[in-house]
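Quick notes on the structure that follows.
In order of appearance the chains are A, B, C and D, and numbering begins at 1 in each one.
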Amino acid sequence: MDAKLRLAVHKFSSCDGCQLAFLNMGADLLKLADLVDIVHFAEAGPMAPDATVDIAFVEGSISTPEDEERIRLVRKNSRHLVAMGACATAGGLQALRNRTAGADWIAAIYPQPEFIHALPTSTAVAAHVIVDEELWGCPVNGRQVLDAVRGRLFGVAPAVKNDKVCLECKRQQSVCVLVAHGAPCMGPVTRTGCGALCPHLQRDCYACYGPAENPNTRALGRRLADLGFSSAAIARRFLSINSAAPVFQDAGGLWQKGDHGDA
Amino acid sequence: MSEPHILREAIIRERIQESPTIFTLRLAFTDPEQRARYSFQPGQFNMVALYGVGQSPISIVSDPKDEHLLDHTIRGLGRVSLGLSRLTPGERVGLRGPYGRGWPLVAAQGRNIVLVTGGLGCAPAVSVIRYILRRRDRFGHLTILQGVKHSDDLIWRQQYERWSKLPDVHVGLAADVSAPGWFGQVGPVTVLFDRAPITPGSLVMMCGPEMMMRAVVTELLRRGIDENDIWLSMERNMHCAVGLCGHCQIGPHFVCRDGPVFSYPELKALLGERGF
Amino acid sequence: MAMREIHLCVPVLARVEGEGALDLQVRNGRIETLRLRIFEPPRLFEKFLEGREYGEVPDLVARICGICPVAYQMSAVQAMEGLFGLDPDPWVHAMRRVFYCGEWIQSHALHIHWLAAPDFLGYDSAVDMAATHAEVLRRGLTLQSLGNAIVNLLGGRSVHPVGVRVGGFYAAPQTAEVAVLWERLVAAVPDAEALVAWTAALPLPPGDQDFVSVALRHPYDYPMNGGRIIASDGLDIPISEYESHFAEYQVAHSTALFSALHDRPYLVGPLARLNLNEDRLYPPVRAALARTGIPFPSRNTFHSIVARAVEIHQSLLEAIDLLTDYREPPRPAASGSPRAGIGFGATEAPRGLLWHRYELDSAGVVRHVRLVPPTSQNQARIEEDLWNDLEALGVDQDEDVLRKRAEMIIRSYDPCISCATHFLRVRVGQV
Amino acid sequence: MAATGFLLRGYAQNLLDALMGMGYRCVGPQVRNGAITYDILSHASDLPWGWHDDQKPGSYRLERDGSPWGFAWANGPQGLKPLLFAPVDTLQTARRTEDGALHFEGATPHAIATAVLGVRACDLAALRLQDQHFLEGLVPDPHYAARRADLFLIAVHCTRPAVTCFCASTGDGPRAEHGFDLALGETVGGFLVTTGSAAGEDLADRLPLQAVLPKEQDALEASIAAAVAGQQRRLPSRDLRAALFAKLHHPRWEEVAARCLSCGNCTAVCPSCFCYAESEQPALDGLSSMHTRRWDSCFTQGHSAIHGTVIRSGTRERYRQWLTHKLGGWHDQYGRSGCVGCGRCITWCPVGIDITEEATSICGESHV
């Protein structure tokens, strides 16, 4: 029998919610601990931040000079690096500071900003090192994490999951909240994976899984404008959890300028 | 009711590395009854399943007479095919098939046959070559023209050499880019046409990249081949292989059910049309 | 006694949520410096919230903390509704308590089993305990997953749930799903009761310190999402007066602000809640607690783990109670319109008092936010506890012993560094 | 078609009781989350009495008008499709034993005999198409077949089509002509009942039917005629195959692609669309794996991915695939157009793209 795969979970700037995809998986977590060697996962106990591993899950965005160095080390020590969650794949909600002068904010907020060592931006892991697999979502769920681990155990490439939330919404036979209620649903431009939770609860998707493939942000923005939403409100739909994902960043930027995208 | 999706277990009897990325799996159903029941026509394909990962349509390259062994020559490209490339003899896969309409072997009887293939497009054609060579008296002259992007991509080099020495067989090899020592011609596969006995009345079978096939068809028509005598093997994304899932359509055709081998007139309108 | 210098540095604390560190310097048998260092980079949430419409706030504040998103959502909607003069139906109030019970159960079960228990049983992690304590872990996982299931029922998922809106919920659960969950909850009651006894029987170190407990106090419920702020020193104020009594300050070693009540450190969280609200527990929970023989109020912070088990028991019974004879409401949320002004919200997150203040304009757009999470309130108290406890233990002990003890103390507070650092104030010291 | 009897509105529950007495689980229209959707139905009082729908491209609203009518609405977000071609369906499970051997097992569902109340003519036409696809092809689909086997269909003639409906132009409605066991025509006092099968006659025998008065029959005919006259949309022709394939480079494809979200809602709500994707869900321990199919759409990237390239990478190609298939390729495959004129793809398109308008623009006829 081959040696067990070695697994690490690293945390950067984040809310810890994606790590809970592990800690909330119940009996599967014990099974996982049986199948692989969890060598580093500070929140769960094992500590070996500098160990070399076969698969490293990285939660959080890169937002300090130390983070920049540490992520390079993690990359060097990991055969397969998985960026997990909106912070790691797109910089997270905290990347909203990238749009303004982040350093000024810190100065405005802290009486002694010199104590705070933070970069002016919060960026995705892929902006710093090569990423082998991305799990989008704020937060990712247990299914995504288990599939990633299972894929490594089988030794196969990650499956591509970039369809839109709408398709999953319809498979669940949820009534479209955009069409039936005029809600500003982001499902038509948002990546699948959550299980279309929001429309299932009869509310608009707010794009926490980031952009889907081939998204037509322009057409959706125009539709929201027809429904009576202001340019600023439409801009905020894009500039939220995944504001630094390029597609949303561009769309949000245009609407923020009041540009209706018709030019 | 039969369940068209149900896989059968097959064992890898042998694994042959054909080129750095291409390999052949020699498979046999483990259930003797299934083995006995199974028969196929050249040009048909199987769905080969990598346990827990997925299934891919792969042509059968063996001859139907090699009853107990089903050869599949695969290029390691994506999730399933790269995963398959790591399997070793003795390991198991899932298999279902055979599917689709194979080469027009009845129409081909007594005719001169021209096979034009490009890249790994040669896989579905190999089965028919073997078929013809084993039933030599039923067919006329056989011309085999194979083009590759780079001369290093050529697989089955010895086979081509062996075939080229047979009576009534002409083999031509071309590479867009060649390494030193290349014994074939340089250029697209159509550069082989001048030396090849391509005569009106021949039946042409081809497979390979669609742009290549389109160029070849134009050349064939120019040389007086009847369009009804041109047959092409097509590839599309496929999940069910039985005409249900909708992925493999080219216009009104389901490649899995109506093909993968089509006559040129069936495809004429859409061949090379981007998006179909 | 030999002269000894110790520099103890625990660069990353294991089994705490978020990343923090501890620096300890001892000279001549006395502690010279002791710092709970929180270096997790700030995420500047208060700034992002400015310019957002009130309706977006519940989804955004959830992201401050993956472990207690419900608490953030509940404090936020309370603040908005208070400002708008919106009083949702009893159904909404009941379901919010159910929702919150789910978070308490999942968060406490996670802390007890994954973070704290290995300390008392001599393991490095819960995974290592699996072989010898399989049954305990199974019970813990069952409770944790029940907590998640409760949050899922109303929120779709347990981390950053999507069901909450100002005024109530986006959708009401269907009677059939509630019935299924209800059965599971009832079946777990013996587990919760057994967990109380089990935590009390752990070899918890003794401890006796004088500290001030701070928690909410409700006229008849165990405190969760309503009530006044009280303290064991006699403080009793409405939540809107929080800023007149509690002050924050920045220290060089932490990206989270420290907090003090009348210039003193204080404790928030399960132990503080139980110390101040034992009389609000359900009778069967009080009885189970009495059977442990531990007297409350307690002056031993290691009793926090027992308090967590007690709160799991309480939350489970309360969720069962509130879901008995469940009926779908005519509307899952009350609607109202925004008003300019300042709204306050204070609820009891699993780790303690979570206080919010929002200043909105007349269109309901956020102008200003202040969020005070439990962990930053506990920071000063943790340092004080460490100082007292380690000196009592004797700093001439082996470094390893000191380190283990220090980590154990820190963990018993269940600090959540993610929360702590997402807290930022704009005008420090001007309260 | 003359009705065989009249059922007073007050006896609607008898209809359900009779069906349940015949061993069926009843499924019928009900108001849920702002739309009329099909769900298990035991009480006739749960039918959408007094509700009507207001549909527009990209918009659907329900209104209560206090009328006694139960079926004075056009259609909801789904037809019969999800009942038979399940949105998510496990086809097979695989197990791997320690010696590496693989064991495969089918997962054909045990379907429950179901009666569906309120089926519209367009949905019956779509059912016919789905039957052709799933049952009459190379191999019948056992999952669809199992659910189709014990299906009892109670149709209702449409008397209040939506603005988006155009079944008259496709020849599929608004009157339910065939394919049902029983058909109801709603008028002021109740329902005119027509039987369409032996099972339907059996049901009719169990109902407290009264004789049909000529004026009731006339009223029904008049309202069906009005429903035909009231339809505002139409396709330029019932066979656009040649016209569409001749216009593969029409600039309109580009133009519609700028508006289209490529979200797949049109294909998901279309009662005849049949594409699905298969995938594996291996268990964490690797000892077993489920093989599942899910509704797919020609608007996804995966639909046309091959050898690491995507044949239809842009929305222009995807929309063109949909339209040329639906209105063109189906003629070769199933002998008619794939569109039954239900208008769902118009209403439920989040940006309100209108198939009749696009087809008309591309095929070069003025939009009527």
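Simple rule for what comes next: contacts are C-beta pairs under 8 Å (C-beta built on N, C-alpha and C of every residue); 3 or more make two chains touch, one makes a residue touch a chain.
Note that the structure is predicted; figures quoted are calculated from it, not measured.
Enquirer: Among the chains, which one keeps its Cα centre farthest from the Cα centre of chain C?
Expert: When every chain centre is compared against chain C, the largest gap points to B.
Enquirer: Can you pull out the chain pair that has more C-beta pairs in contact than any other?
Expert: A-C
Enquirer: Just curious, how far off is chain D from chain A if you go by their C-alpha centres, in Å?
Expert: Inter-chain centre distance comes to 37 Å.
Enquirer: Express in whole angstrom the distance between the two chain centres, defined as the mean CA positions of chain A and chain C.
Expert: Each chain reduced to its C-alpha mean, chain A and chain C end up 25 Å apart.
Enquirer: Roughly how far is chain B from chain D, centre to centre by C-alpha average, rounded to an integer in Å?
Expert: Each chain's C-alpha centroid was found; their separation is 40 Å.
Enquirer: Distance-wise, how many Å sit between the C-alpha centres of chain B and chain C, to the nearest whole number?
Expert: Roughly 65 Å, centre to centre.
Enquirer: Using the touch definition from the top, which residues of chain A touch two or more other chains?
Expert: 150, 154, 159, 202
Enquirer: Of all residues in chain C, which are in touch with two or more distinct other chains?
Expert: Expected reply: no residues.
Enquirer: On chain B, where are the residues touching two or more other chains?
Expert: Only 52-53, 78 qualify.
Enquirer: What pairs of chains are touching here?
Expert: In this structure, the chains touch in these pairs: A-B, A-C, A-D, B-D.
Enquirer: Of all residues in chain A, which touch chain D in the complex?
Expert: 28, 31-32, 35, 146, 149-150, 153-154, 159-160, 162-164, 166-167, 170-176, 178-182, 185, 187-189, 202, 213-216, 218-220, 222-223
Enquirer: Over in the complex, which chain A residues touch chain B? Could you list them?
Expert: Listed in rising order, the residues are 150, 154-159.
Enquirer: Tell me, which parts of chain B touch chain A in their complex?
Expert: 50, 52-53, 78-80, 82-83, 86
Enquirer: Which positions of chain A touch chain C when the two form their complex?
Expert: Against chain C, the touching part of chain A is residues 11, 13-21, 23-24, 26-27, 29-30, 33, 38, 42-47, 49, 63-64, 67, 92-94, 96-97, 102, 105-106, 108-112, 115-118, 122, 138-139, 141, 194, 197-198, 200-203, 206, 208, 233, 236, 240-241.
Enquirer: Quick one: which bits of chain B touch chain D in the complex? Just the residue numbers, please.
Expert: Within the complex, chain B touches chain D at residues 1-9, 30, 51-55, 77-78, 90-94, 235-237, 239-240, 242-247, 249, 251-252, 254, 257, 269, 273-276.
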